[in-house]
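A short worksheet on the structure shown next.
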């Protein structure tokens, strides 16, 4: 079967999608040279900048969250590939409004390599930057081995919390501390039932038997740990929430943020149905699922599946989460 | 050529390495398709194109500057894991020149040791983890051993290229512990690591440029 | 192949998805009795209310747009089915804050039947309500036969414009007039390349040969007029924009709003790439594509495809479009 | 029963109609699957369940109120095109009672004429458009003709049921111009319209309730 995607030359995917994105949301974002996505209106001087990096093909992640109260600059790489350190360095320099920059990186090897090299340059140049690595996928490794936990949808609350603190004029160390408090208190797990298509060559990203689903996949469908027969929405949520709550050691009386993030091919209808059960499970255990968006924030070329996320909240984090923000794909 | 490597020699080594990469791009794509996402061949060709561009832009004379520019360009433009890692090797080599414009065999070994050291700062992968490190480490070690024995540069580079090729070959039976291939676990056994294969091709190119055999290309 | 959807009992799809939606967005919406979706905080008295109706299975449409500056109440029906007049009547009564209600209905037979019967009751009860029918799909009938043009994504700018006017305290007639000015100056066309799955029974919604795409489909994949070989994104946009601009008779110098709406299985990446070409085409013709969101606003169970929409803007409409609004799935 | 239809007779007519619908639900589902979205059988069963609920809730005595409640309940609960259209027929019938509690054959014809008139206000579909109108119109017309000839109520209802069944049958060779089936165009030829089939079943039930044959169910 031909690749059934609305694209032109696969070599131009990223430049074309960024161009379309910036045209459609010209009121909020624009493209700077070197493929950086920046705010249409720069943040006030004296406030901490927030920069992130990551491969393309996961729209609206990550550039969809550039905007007031969220990111200052996103550095998109090619499809599924990290951007290079020179671009990252330029973004950091541009985002520095005199109060330093928080550099948020999702734990994927390419991104981390690029980020580490960037940080070497940052230090050589004497810039005021702190890097925060998000490491939350519980499928691959225990909590004691964060370096082996991948960065998933947890980036969204991390951007939101950091962005709100930065907008409030707090110092880089402060911004780092609140964002990192959330980042070290979150857990995510993915499940998929159908594959997506690699846009460069039309190939399936992975394969699954007709009657099966798989828990624990990576961001690009890298094999997970739990291949099993298809389950209902409630059964799937029961299994996954059980693993997440255990991993994060959530106790009755605690407050959580919860996200059900669609990977592309799963309808919002289903995401709502799954979120309903996430909420029920918490309620049964005396845990409050206090906040939670549901939607497609990070996709990966139309596989059917979701990322289920929880994160521990406290009063300060709730306040930062609730603060207003405005980006093309997330607003409060 | 022979007793020392100067600016022009380095340019010719890099260009010959590029020739070997380009001749093997399909093989590299195939290896990365089997264990990763299939873009390693394209990333390596782009890297060598970027190196060519940097060579053209540099004009000549400043070896340290040239290697730095190549590394920085590859970092920015090659993408994937290749960009930062291979870029890093060249950046490290730049630091390893210590400003010398003409390198004897010992200087050359130091140069590549500096490249290895720099990339080691970026990744925890070690020999046996089925990555480009599996080719880079034996290649650099063989060069160091040859230098310590005061071998000629051409001979030292042949020994390095052979060792790197052997290292790449050794990855066939390994389980990847870094990079995308890690997610494949034991299913990756039987396939050579694409990054290690590329490193071996680079060493082979360096060696051939110094051995007047620049028209043939290695087949991996 | 088993139906690869995260659902439970197909009979409970709508109640479960609404429950999950209201839990996830408790800050913005809540469920009132009889399955109405209402704002968490009611609109001020003395302002015109905006009510809409429509079948479920198209999430985030239509309930995703309940919120400040947009809808007051959405009346969701069962999957792909209109809600009954009794529910519509209750919604209208509830939304009436003393200044009357604009009742926006998408032109689909079930909805229109239900809406007409509702309007009969409304008149019997002497309520102050004006009904606005959106009729914009250019595939089925010429502009002179609006009754045969289906209502598609054009509902979104209509809600937005009406909502902004209502929020500004304008009269029902005023609100109707601006919304209707946009509604009679818009055009939409759909294209699909792959089918979705009916969630009640797991069947394909429609079928298309492996190498083909089809232009002019209905909201549920009802057969279109233009089955043809797959085209690139640019070629597809060229064909469709040509038809749309011609239908609306757009002249150089005019300003348009443009929407590229994904139906579920088409990535945002592709939507951006298509939007880019929509913009280029306008530019080449001296038309200004002045505003335009891109995203999934009305889906239909994961078929790969898009709805391409244009609408004529004037200064007043632009101002209303740009006014702030805040709903779970659309904010400005 | 016989010369007039009172409250209890109407209840029995509606219940018998429900029996016929339930006995034919699979057929209705099949027809709507072929030309629409497959939910017509379920919508009709739900309609008859809602009618039963309204009958239970009503308690008795007020025929106009009962028919209104049934119509309003079906409108609100049956969904799809069936809800508003069938609901409308009952609402129209309610208006057509003009407050009478006992209907002669002429009153009964007026009642159904009012149902038809009300539904005609909601849809532009006419005879020949392959919708429920194709069964409703001949059914109502036959009832009117029988009333004009002063036929007995049981006989009038048999003639109405036969005419409705014929009307439903006539849809087989038609192209749908309203409803979901419209999108199918000529591909829908050969399939009976589900809505018309349901209307014929309702008439058959009405007739059988007045002819003491309430245990058998028609097969469509």
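For clarity, chains are labelled A, B, C and D in written order, and residue numbers in each chain start from 1.
Everything below uses one rule, namely that a contact is a pair of C-beta atoms (placed from the backbone, for glycine too) under 8 Å apart; a residue touches a chain by one contact, two chains touch by 3 or more.
Keep in mind that this is a model prediction, so the values were computed, not measured.
Here the CA centre of subunit B is 56 Å from the CA centre of subunit C.
Note on chain placement: the centre of subunit A and the centre of subunit C lie 28 Å apart, centres being C-alpha means. Each chain gets one centre point, the mean of its Cα atoms, and the points for subunit B and subunit D are 82 Å apart.
Chain contacts: subunit C has no residue touching two or more partner chains. Among the residues of subunit D, none is in touch with two or more other chains.
Chain contacts here run in a simple line, from one end chain through to the other with no loop closing. Looking at which chains touch one another, you get A-B, A-C, C-D. Those residues of subunit D whose C-beta lies close enough to touch subunit C in the complex are 37-39, 72, 75-81, 83-85, 87-88, 121-123, 178-180, 183-185.
If you check the complex, the residues on subunit C that touch subunit D are 77-78, 80-82, 84-87, 109-110, 113-114, 116-117, 120, 198, 200-201, 218, 220, 222-223. The part of subunit A that touches subunit C in the complex is made up of residues 1-2, 4-8, 13, 16-21, 23-25, 27, 56-57, 59-60, 64, 193-194, 199, 210-211, 213, 230, 232-234, 236, 260, 264-277, 279, 289, 291-296, 299, 301-302, 304, 306, 322, 326, 329, 331.
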